[in-house]
Structure formats: C-alpha cells, structure tokens
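There are two complexes below, and they share chain A, which is joined by chain B in the first and by chain C in the second.
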Partner chain A sequence: MKFQNYVTRTVKTACFFLAVMMSCLLLQQYVLRNVDHNSLRVEGFYQEERDSLDAVFIGASDIYTSFMPGRAYEKYGFTSYLLASESITSEGVITAVKEVVRTQHPSLIIIEANAFLYGDSDNETNEAHVHKFFDNLPFSINKLNYINRKVPVDNKWEYMFPLIKYHGLWTELPDRVNMMQSNFNLDLRGYNYLKGFRTTAKVFKSDTPSLNSQLPYETGELDLDPELQQNLFDLLDYSKENNLNVIFVRAPHYVTKDTYDRVKRSNKMESILEERGFDYYAFENYSELIGIDDSRDFYNEDHMNVYGAIKFTDFLAEGLANDDDLKIGEQSEAQQEMWKEVSATTNRLYRYCDDLMTNGEEKGAQEDVITLDALENYSDAPIER
Partner chain B sequence: MLFNISYTTLNFLCFVFVTMLVYFLFPAKKYKWTVLLAASMFFYAVAGYKYAFFILFTTLSTYLIALWISRVSSHSKKLLKEKKKEWDKDQKKKYKNTVKIQKRLIMTLALLINFGILAFLKYYGFFSGSINELLGSFGMSFSMPTLKLFLPLGISFYTFQSMGYIVDVYREKTEAQRNPFKLLLFVSFFPQIIQGPISIYDQLAHQLFEPHEFDFTRMKHGMELILWGFFKKLVIADRAYILIGAVEQDYTKFGGTTLTFTILLYALQLYADFSGGIDISRGVAQIFGIDMIDNFKRPYFSRSINEYWRRWHISLGGWLKNYLFYPVAMSNVFINASKKMKNTRFGRTAAGSHISKVLPTSVASLIVFLVVGIWHGADWKYIAFGVWNGVIIMISILMQPLFDGIIDKLHIKRQNPFFVGFQIFRTLLIVLVGYVFDVAPSFGEGMRTLTLFFTGQDFSAGMAEISKLGLVTADYIILLAGAIVILVASIIQERHLDTDIRTMLDQKPLALRFVLLYLGIMTVIIFGIYGSGYNAADFVYMQF
Partner chain C sequence: MRFPKGYAGVNKLFASEIINIFSSVMFFVASVFAVFSSQRIVNPQYLPIIVIPLIAAGLMSVVAFILQLVGLGQAKKDDQMFKTAFAFVFVGVAASVVSFMSGGTLSNIFSSISEVSSLIVSVYTILGIYNFAEKMDNASIMLNAKITIIIGASAFAVAVILRMVPVFFPRTEYMLDLFVSVTELTAYIIFLICLGRARGMLAEKK
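Up next is the complex of A and B:
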C-alpha cells in the first residue's frame, strides 16, 4: 500500500474514534451523569483560579451547610471554598487534601471531623457516598491512586469512566433537565455562585431534647474505629510531610442521646490531634458562645439552617481572620468582582430561605437553576445580625 | 474468577487489544502462535483458574491418545508394506481387523476418559438424584451420595472439540499433532472457549499456527462483527433477560399470557445472546486472521425443524452429524434392521419400502436429539426438549411421502410466499414448544405451561403482570427496534448469500459508513445493559 493511502486511512480511523470518544466525554459530562449539588460543588472547586483561595474547607454535609464562603469574604475579606461532599469518607478527605495541594496552595485547610467519627468503617465502602465524591473528581494521580487501592477490581472502570455506571440514566432524562442545565450553566459561567454552600430552608422541631448545653462538660472518650483512626494518622503524616496548615473543626449539631457517642469520639479525636500537634476546634461545645438556638437554627439533627450557618460563619470566619496562619492573598479586579457577586448571591439566598421558613415552606437551596432563578427577587444587601 | 473478563466487559476488550499488539509486533513469526496460547492460558486462568487442571488433563490425554492411534496406524501401514509379499489376502485382512480393533479400543479409552469427566461433573447430580428418587419410590433405603461438583468453564465445548480431533485422527482424516502446546492452543483458543463454536481440527488448527500479518480490512471487519455481537447481546438479549429472569425466579406464579409472552421474548433473547456471543468470538478471531465457522444462519427463517437445526448451533449439529449420526445410521445394526424390514411383507408395500429405507436415519436422528437434550443440561426438561425435536424430525422423515402427496393434491407450489410463510410459522411454533422446556424450571412446569397456552390466557391480567417485571415502555421500544434491525439484517443476509453485510458496507460512501458505525457504537454505549447500574446476564450458552 502506498504511504499516502496508509496515512489517509490512519487519519480517517483516528478521526472516527476521536468523534466517538468526544461524544462519550460530552455525554458523560453533560447528559448521562448523576448530577447533584455534590457534582456542582466539586466541579466548582476545579474552576477556581489556581492559587486564588486563602482557605479551603473539606468535609461532609456538616461543613457545606454550616459555612458560607460569600459571607466570610464580605465580612472578613478572605476567599474560601467548600470542597465537600455528602457523607464523604475518610479516604475521600485524604484525597481532597491532596487535590487541594495539587490545584491550590491555600494558607489554611480546615477539615470537618465527621468522616472520622463514625462508629464503624462501613461508610468507607458505601458505594453511593464514595461515588458522590470520586465521580466528580477529574482524572488525577490522586484519584487513580484511590481507585487502584480501594475500588474492587470489577468496579475500577466505572470510577474512571462514570458513563459505564450511569449510561442507563437516559430513561430519566426528563427529570434531570434542571440539573443538566445547572451543570451546563456552571461550566459557562466558570465559577460557583455559592462556593459550595447548600442548605435546606426548614426549622427543625423535635420532641427529643438537645443535649448541646451539657457538651462543654463532657470529658468522656470513645475509641475511633481502627480503620478511620489509621486514615487520620495517614492524613496527619501527609500534612506534616507537606508542611500544610491544617486545622480540624467540628460543626455544631443538634446532639441527642442517640448521637452522643460521636461527641465522645470527637473528644478522643481532640486528644489524638493535640498529641500530634494539630489544632482541633469542636464547635459543638461552643454552641452557646456562638449563639446557636436549638429551637431555630437547625433543619435536622445533623445540619444547621441559614440562621445557624450565618452565626457559625461569623464566629469561625472571625476566628480565622485573626489567625496568623491565614494569609489573605491579593486579588485581580475580575476576582474581586466575582467574589462580590458570590457575597451578593449568598445574601439573596439567606433572604430567600428566611422567606420560605417564615411561610413554613420546606425547600433545598443550592447552586442550581431553580434556586438561582428564585433568588432574583431578593435583595443582595449585606445581612445585619 | 480473579476479575470479570467475560466477552462484554472492558477488561476483555483491553485484553484483546493488548494481545493484538503483542501478536502483531511479535518478532519471531514462526512462534506467533505462542502469543495466542499465552493469551488463552491467561484468559482461562483469569476466568476460572480453579478448573485449569481439567482442561490441561483433557489436552494431555487427547494428545497422548491421538499420538498412540497415529502410531498404531503408521506402524500397521509400515508392517503391511513390509509384509506385502509375505502375507496372503486373508492374513492382511486379519491383521487389518486386529489393528482396527486396537484403534477402536484406544479410542474407546479416550471416549471413556473425556466423556467420563464431562458426564461425572455435569450429570452425576442428575443421575444420582433420579436414581435416589426411583429407589425411594420403591421404599429402598440405599441412596447414592450427593457430591458438590463444579463445572469447569467451557467443558462441553472443549471436550467435544477434543473428541472430534481424536475421531479424525482415528479416521486418518488428520495427522496427530506432535506439539502438545499447539494442541493446547486448539483446545483452549480464548475466543471460543466460553461458548464455542465447536471447531473441527482441520478447519481451525492450521489457521492458529500460521503467522498472520496485520490486515486493516480484516481488523475492521472483525471489529464490526464484535460491535454487532455487542448490540445483540447488550442491547437486546440482556434487556430481554430482565423480564425473563424475573419470570424464572417465580415461575409458578404467572399465568398463560405472561408465560406466552416470556417464551416469545425468550426466542429473541436466546438468539441475540447466543449468536451475539458467537459474533464477538468470530470477530475477535478475525482480527488475528482466523476464520471460525459461523454458528448461525438465520434459524428463524427455517421452513422445517430439520432445516432449523442446520441453521442453529451449526457447529454442534455438524459435530453430532459427523461423530454420532453417521456412525449410528451407518452401523451394521441399523443397516441390517433396515434390510430385514425391507424383506418383510410390510417392507414390500410403498409405505414399508420408504420406512425401511429411512428407518436408520430417523432413529439415528432421535438418538442425536436425545444427546442434544442431554448436552443442554442435566435435567428431564432438557431431555424432553431433545425428545420433542427428535420425535418431530423422526415423524417428518417417516411421513415425508404423505406430506408431499398432500401438497401435490392441493396443488400448492412449494415456493409460494404464503406457503413459505406458513412453513416458517409452523417451524417457529415447533421451536417455541421446545423453548418452553428451556425456560420452565422443570419438566412438569413445562407441561403445565403448554396447557396454559390454551387454557390460561387472560390478556388484562397478563398485561398487569408483565408491567411489573422490570421493563419500562422505553425498554420495549428498544427491544422492538432491535428486533427489527436484526430482522432487516437477516433479510439482507438471506438475499445476498454470496457476500456479507460488512463487505457490502465497504462499498458504500465513507460518510454513510461513518454514520452507521458511529450510531452502532453509541447505541451500544447508551442503550446497552452493562456496568453496576445493571446486573448484566451471563451468556446463556456458557452454562452448557
């Protein structure tokens, strides 16, 4: 065969397979994808300009429903992002820290302790929780490392190419249009309006009494699950090796008799961290100081609503702003504009949720087209407490 | 299984890709076949390393026995040549008979070893269960022990293939292979080990050992065939199996309408599953320059059950014809019985003359289909499946003159489209009755299902049942569209027997080919049943 024919045929074949691969990638990114608020939050993190964040928060829903980066920027001027995912595993937390090191160099990494406080290590293999975080990470050595070490051999491909798992979602396309559009809009816009914050507009009412008032006096400890403790040690070793400024926090919860063991594990974690030279702030113990009202500031036992979140954000952000470890970097004009928009959106979201709760309506509020459309009618003026 | 490497996984595609790279880049042309052997061993080890002993044992015994037979043959020929002048005719004849008996004994040993292993592993449970049940019914306390036996991957396929090779050596149709590793490759060649086709040594072996160079067109055609197989298996068969599997799980609960629908769907599923798997096998082999026989030729277009079995699982049919049907039909017992009948008063009548002529063929057919039934599984329902097909074929052979007479009297032209349609429909009905015994959990349930076809039809209750069996409207649309695509492709193939669709496609404009292949790939990717979101089914014929 002539060389020219050979080249032509090779080019044609390559073009064909390129078209197939591109189609698959587009399908995987925008159509046959299990998009939810976790996806938009994690994806938004990777849209952040390199080295533009002063602080990054890592953890589960406990942190992304508690801290409002827009509010922290508006009041204290530092930029932050919530690289968090629903019920994230301890392995997920470690990978997230590594991803932060790879993509940003924040002066401070704040880790919410939830992933290490479970009574057993079942969450580490909970397929839904693992997928919710790792499916949304782009290809990186850290993601591959996790897949290689932890994912069962027959499931490895679907972590690398989520289309294998989610291609059957075509039957649910009509129900997924809003999230698909939200995903597309986020990519077009290039940044997440809420920097990962999500909430539910609801005031939690319970017959089970809160034990929050007695937490400051609780000194009992319960051992951490051995696997989770080992992962914590690995995380601490990694942080030391890379000279990272890492602090651990525990967001306020509506603690009851049923969830009290976590408080004792939290105390144990504090001892471990202290011993290894890391700071741990169990804000569960400071609910009163923060001003958390158990009858108004939660939307369920594990999560605060915007009333609680704004108090916690002010308290934590003020503390961080006064911490020498937090270095506030310089920003370009475009960055400043974006952050003003983020703060404005956060203020609108607060008023929107306030409005819903006042009217007794329950609704999730997050970075998606439905919520963002609803915010248009609300004022973006700073919230006065 | 170390990890899932079945034909429809990405692991398998990667494995094929790596094997292909190594094969075509392998520098020592003479030893290219060792790449295929290494790949086959790797595949078998991954898919079922616990069973490797059995395939190695079968290969070794086949190798040694074939060499033994070959040595006896060559030694006898040499001796006959040496004694050509010394021995008279009778001495030569006597010696030839002795050699024949010796070779037969060796072959019997091979049969006992290879089919013995197969029979023990596959059928011990069935026979011990049946015997225990029988003894129990007579109030006898003796019972055969229950053993937990496993079935090595592809055992039926590689046992039949090995035995075919030994018989060919015995018949001196082929030379015995001197290299045990080459024989091991013939027995274990990875594209065919899971579900065939059952290849004949002379047809496959030399292709395996030949050093093939990379050929773009061959690779393209191979990949197109793999894509077609993936379409049939993942888009159609595995989707249909969602409903069939749900019915099989709770079979006795369903009424006539649901079971009728299930059997109809099973006809589609079984064909798409089995022929899809074979397409993948053949496509993979084709990439390496190896042409394996086609196991299917549009079986549902058959005008008689005889024709159906010539179009369905062709390699098994061919094997049984060569190594069972002919030896039985041409055996002295059958020929003598035929002759004896011919000489009776009945034998001298027109009907008797015909019956005595076709008796060996018809009885041999019944025996063959009994074996087909047993081959499919160790259960009375499979035996019923075999007997049903055998009896129909037997009747059709014996009654042929009567049927011909009726057709002639009614002045029906045999190529009349309506008559052809009637014949196809009639054959399909007979096939569907056989399928009932495949799907039903037992012989008794199979019989109950047949009764329900006539007495248990309740359309609205059936629709209500079917709607809860795991498929949604979109799935039925895909199944219907998929069935239409297969039908159209089959009609095209049926009308252009001298060429295949892939060659026809080569002659179309580039843009059209690109679009068709692109749509094919995207259809499999989007609509295929695979990944942990779905529970993909094993190949149906893998269990046989």
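Up next is the complex of A and C:
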C-alpha cells in the first residue's frame, strides 16, 4: 500500500496547492482588483481573436473618447480596437505596440501623440497611470521587460502579482460590485461591445475662449521633454526594425491659452516624424475642417463627446479606408455577427448620450453593466449625420 | 474471477478509449475533407463527406463517455480508487463546460481545472489497477502501473512548463504544441497498454 499512499498524498497535496493558486487567481482577477473602464478595455483587446484586427489604435483618453470602432466598421468595413489607457505613459505606448505585434498583426497601427507631448516626464512615474495600464496586461515578455527596467525594486512584486497591492480592496466591495460584474460578464461573453470606446454625456461650456481657429496658422515649435523624445525615437526605431505601418495622430481638443504649449510640442513632433519618414496627422490643428463645433462637441477641454467623436470617426475612418496600407481581412460568420452587434451597441450608445445631453444630464458612458442595461431602450439603427 | 465488477469496469474503460481513438480519427477525416473542399468552389456534393464523419465522431464521443462512466461505476464496487476517478470525471466535465462558454482568464482557469481533473481520473484509474495487481500478486502489472503514473504525471508537468515558454518567446506555441502532443500521445499509449494488460489480468480465472 506504500506506493498508493505516496501517490494519493501527492495528488491531495498538489490539489490543495492548485486550489489555493486558483483561488488567488480568481480573487486577483475578479474581486481584489482595481477594475475600471481601463481594465475592461485592455482585457477586451486580448480576447480578440488572434490576427483579426485590421487596425489598432494606441494612446490615452484622447483616442478612446474620439474614435468609435463600431461606427468605422459599419461605414467602412474594417475592424479596429482601442488599446488605450488613461494618461498612458510613453513607455506604455511602446509596450502596447509590442503587445500588438505579439498578439495581432494589424495592417495599421495608429498612435495618438498625447504620451509624448507632456511638458515634463513626471507622467512616466505616475504610479496610478502606470498601474492603470500595466496591471491589466497579461504576463508576457514585454510586461516583464518593463517591470525589470522601469519599476523600482521595492514595487516589482506588486506589478507581477497585483493582488499584493490590492488585497485591501475587500473593504470597498459593495461599491465595486458594478465593475466586478462588468469584468466577469466580459469574460463570460468573450468580447466587448464597444471595443474600448468610452465617453461622457456632457456639453462643455466654458468662459475661456477656444483658440482652435488659430491652430492651422500656428507654426511655432517647442522642444519635447528629453526622456519622452528618446522614448519616441526608440518607438520609431522599433517600428522600422519590425516593418510596422505606424501613423501618428493628434485628436482634436478644446485648446486654450493654458494648453497652447502642447500644440507647439505637437508641431515639433510633426517635424521629428517627418524627418524620420513617419506620417503625422495633427487633426487638432484642423478641427474646423473635420466639422468640430467647439461649443457643442466637447465634454471637457481634452475630450470630445459623442457629437464630436462621430465626426472625427467618420473623417479618420474614411481617410484610413482610402489608405493603401490598410488591408481589410476576411472574417468568419461569427466575427461578422459580433461586429454587427458592436456597431448596433455603438449606435445605441450615441442615442443614449444624445438623450442625456438633450435633457441636460451628465453621465459617463462605458462598457459596464449599468450603461449596457440602459442602452436596451434605444434604437440600434445607423446614425445619419 | 476474483474481481468480476473490476473486470467488467476495466473492460468498458478500455472499450471507451478505443472508441475515443476512432472518434478522433473520424474527426480528423472530417477536418481534412473540410480543408480540401474549402479550396474548391462550394459544392453541395462535398457536404456529406464532411458531415457524416463529424456526426459519427460526435456519436462515438458520447458513447465513449457513457462507457467510461459505466465502467468506473462498476469498477468502484471492487476498488475505492475508481470512486475518486468517477467523481473527477464530473468535475472535469463541469470545468470544460464553463471554460467553453466563457472567455479570458475565467476560461483559462477552468480549462486548467479540466485538464488537471483529466489527469487525476487517469491516475486514480491506474491506482485502482495497481491495487488489483497487488492483490493478485502480479508484479509485472504493478510495475507497469507505476511506470504509467510516473510517465503520465511527467508528460503533464512537461506540458505545463512548455506552455509558459511562449510568454518569453512569442509565436513559439505552434512548435511547442507539437512537442507537447507527442509527449502526451506517448503517455496515452502507455496508459492504453496498461489498461489492456489489466483487462487480461482481471480476466484470469483465479
């Protein structure tokens, strides 16, 4: 009986350790975790079928509030995803590009320039912003590289195992149930409905005048922060080495005196990119051409609401569809069905936000159970502009 | 016959595995025909040669699963190890269903539980055979069972380790999957041989 006892004891011990490990994984993934719209967006990217995306957008909130993948698919037939995170760092952008190469092979990668336009490199060490992106990445060589190079020794373990940092969140559980359920539903469903798009139903009214009309004539440049510039060079070198079709964009903003320096840094970035053979479309400088109405199309100085987003999406998507570099891949029936649902949800979201703004209500709208429930009352017919 | 229920159970388990092999072959045939016909203009005459093997494979899988359950149910009356194996069959099925119907991390977690359950079913089945062999003083089958468990557990461990490699070396999973498949196939063949020899041993009128 000795051999049997040995085997059964080994199996029981192994099962015990496996049960502990699975419990920790489940807790880390669904309960003791800082789940927000960034988590749902980044995780949703990894649930896309391998090599199924024609284009991937990378950047910060500027891009995930401006471009509607569902609308782009409905009108131009190409699939896309917003692999973006709130105030993503420039290192985060580089890691995101590497993750896109690792998991998808889109014919186009579009990078919103925000991460490189800060006046200093403080954002690179802003823990909240770094965590918002990196906590949601699966274990990979790219994530490990970043942790190894950039994270202080004392904090490395909490980046490898976020449960170490967030184990205390159980005290906030009742308030987090909505996002926990959204996270769980995402995994049950296997894809997200908005492909990363998020908005706020609000029309920004400000006494501070917008300077957008001046931007087409602004040729002044301000140097980029040295660290951010170096990261930009590293990104460009990586893109060239891997033959990536990368284009850079700058989404429209409500530019004021306080944020004017960013425009000049954007001009500088344009010069750098042109020198190195990359395309840069500073749509911020030509928002009137796109049809952006400063008095209606923003929900704050940095982000457009759905009125602005639909205009920007139509403009940019049409440009991309006419770009020879964009190759539209074949889709299975199941994928076509999924994307029809994505377009329908996007249309419902537009109407929902329009309804809220017409009634003077302000509300965030994203891929969570509360918003998705509210959308059921709205039509999914295409939005005619 | 010393263990009539044990014999009946192991016999059915062996039959279940053989039917599973035929089911896999049918599925492979259907896949090959599907790939072959997809390269031509769609023609309804190709449909039966894909659909029939697919249906046959599905039916055989169901029959094999039922035989496995019945076999373990019978064998557990002669040895307790089969009782544990029997329980873990249901754990594995439940985990597979959750894994299939979900995505992301949830799916991965339950897929792992399903694989571990499958391994435990095999280990406890072989332990049951080891017990029979010990009671019948058959040192050869005892040794065979020991080797089967060690190789099976090792193949599983190798598969787990190799699945972590693509984290560090992207796009190597296809090559490693092939290596893992060969390892697991070897372990499976050894398992099948042990099951077959146990049938013979239990059939002896002693």
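To be clear about the criterion, the second predicted complex is superposed on the first by the 376 of 385 C-alpha atoms of A that agree within 3 Å, B and C clash if a C-alpha of one lies under 4 Å from a C-alpha of the other, contacts with A are read in each partner's own complex, and residues count from 1 in each chain.
Here is the rule we use: a residue touches a chain if its C-beta (ideal position, glycine included) is under 8 Å from a C-beta of that chain, and two chains touch if they have at least 3 such contacts.
These numbers were taken from a predicted model, which means no experiment stands behind them.
Novice: What is the contact status of A:163 with respect to chain B (first) and chain C (second): first, second, both, or neither?
Specialist: first
Novice: Figure out whether A:139 sits in contact with chain B (first) or chain C (second), or with both, or with neither.
Specialist: second
Novice: Using the touch definition from the top, say if A:128 reaches chain B (first), chain C (second), both or neither.
Specialist: neither
Novice: If we overlay the two complexes on their shared chain A, which of chain B and chain C does A:18 touch? Say first, second, both or neither.
Specialist: A:18: touches chain C, not chain B.
Novice: With both complexes overlaid on chain A, does A:334 touch chain B (first), chain C (second), both or neither?
Specialist: Neither: A:334 stays clear of chain B and chain C.
Novice: Quick check on the superposed pair: does A:27 touch chain B, chain C, both, or neither? Answer first, second, both or neither.
Specialist: A:27: touches chain B, not chain C.
Novice: Counting only touches as set out at the top, which of chain B and chain C does A:102 meet: first, second, both, neither?
Specialist: Touch partner of A:102: chain C, not chain B.
Novice: Hey, which residues of chain A end up touching chain C in the complex?
Specialist: By the definition above, chain A touches chain C via 1, 3-4, 7-8, 11, 15, 18, 22, 25-26, 29-30, 43, 46-47, 102, 139-141, 144, 184, 186-191.
Novice: Touching chain B in the complex: which residues of chain A?
Specialist: By the definition above, chain A touches chain B via 9, 12, 16, 19-20, 23-24, 27, 32, 127, 153-155, 157-158, 163-171.
Novice: What residues on chain C touch chain A, complex-wise?
Specialist: Counting only chain C, the residues touching chain A are 81, 101-107, 109, 112-113, 116, 120, 123-124, 127, 130-131, 134, 142, 146, 149, 167-171.
Novice: How about chain B: which of its residues touch chain A in the complex?
Specialist: It comes out as residues 2-4, 10-11, 216, 472, 474, 510, 514, 517-518, 521-522, 525-534.
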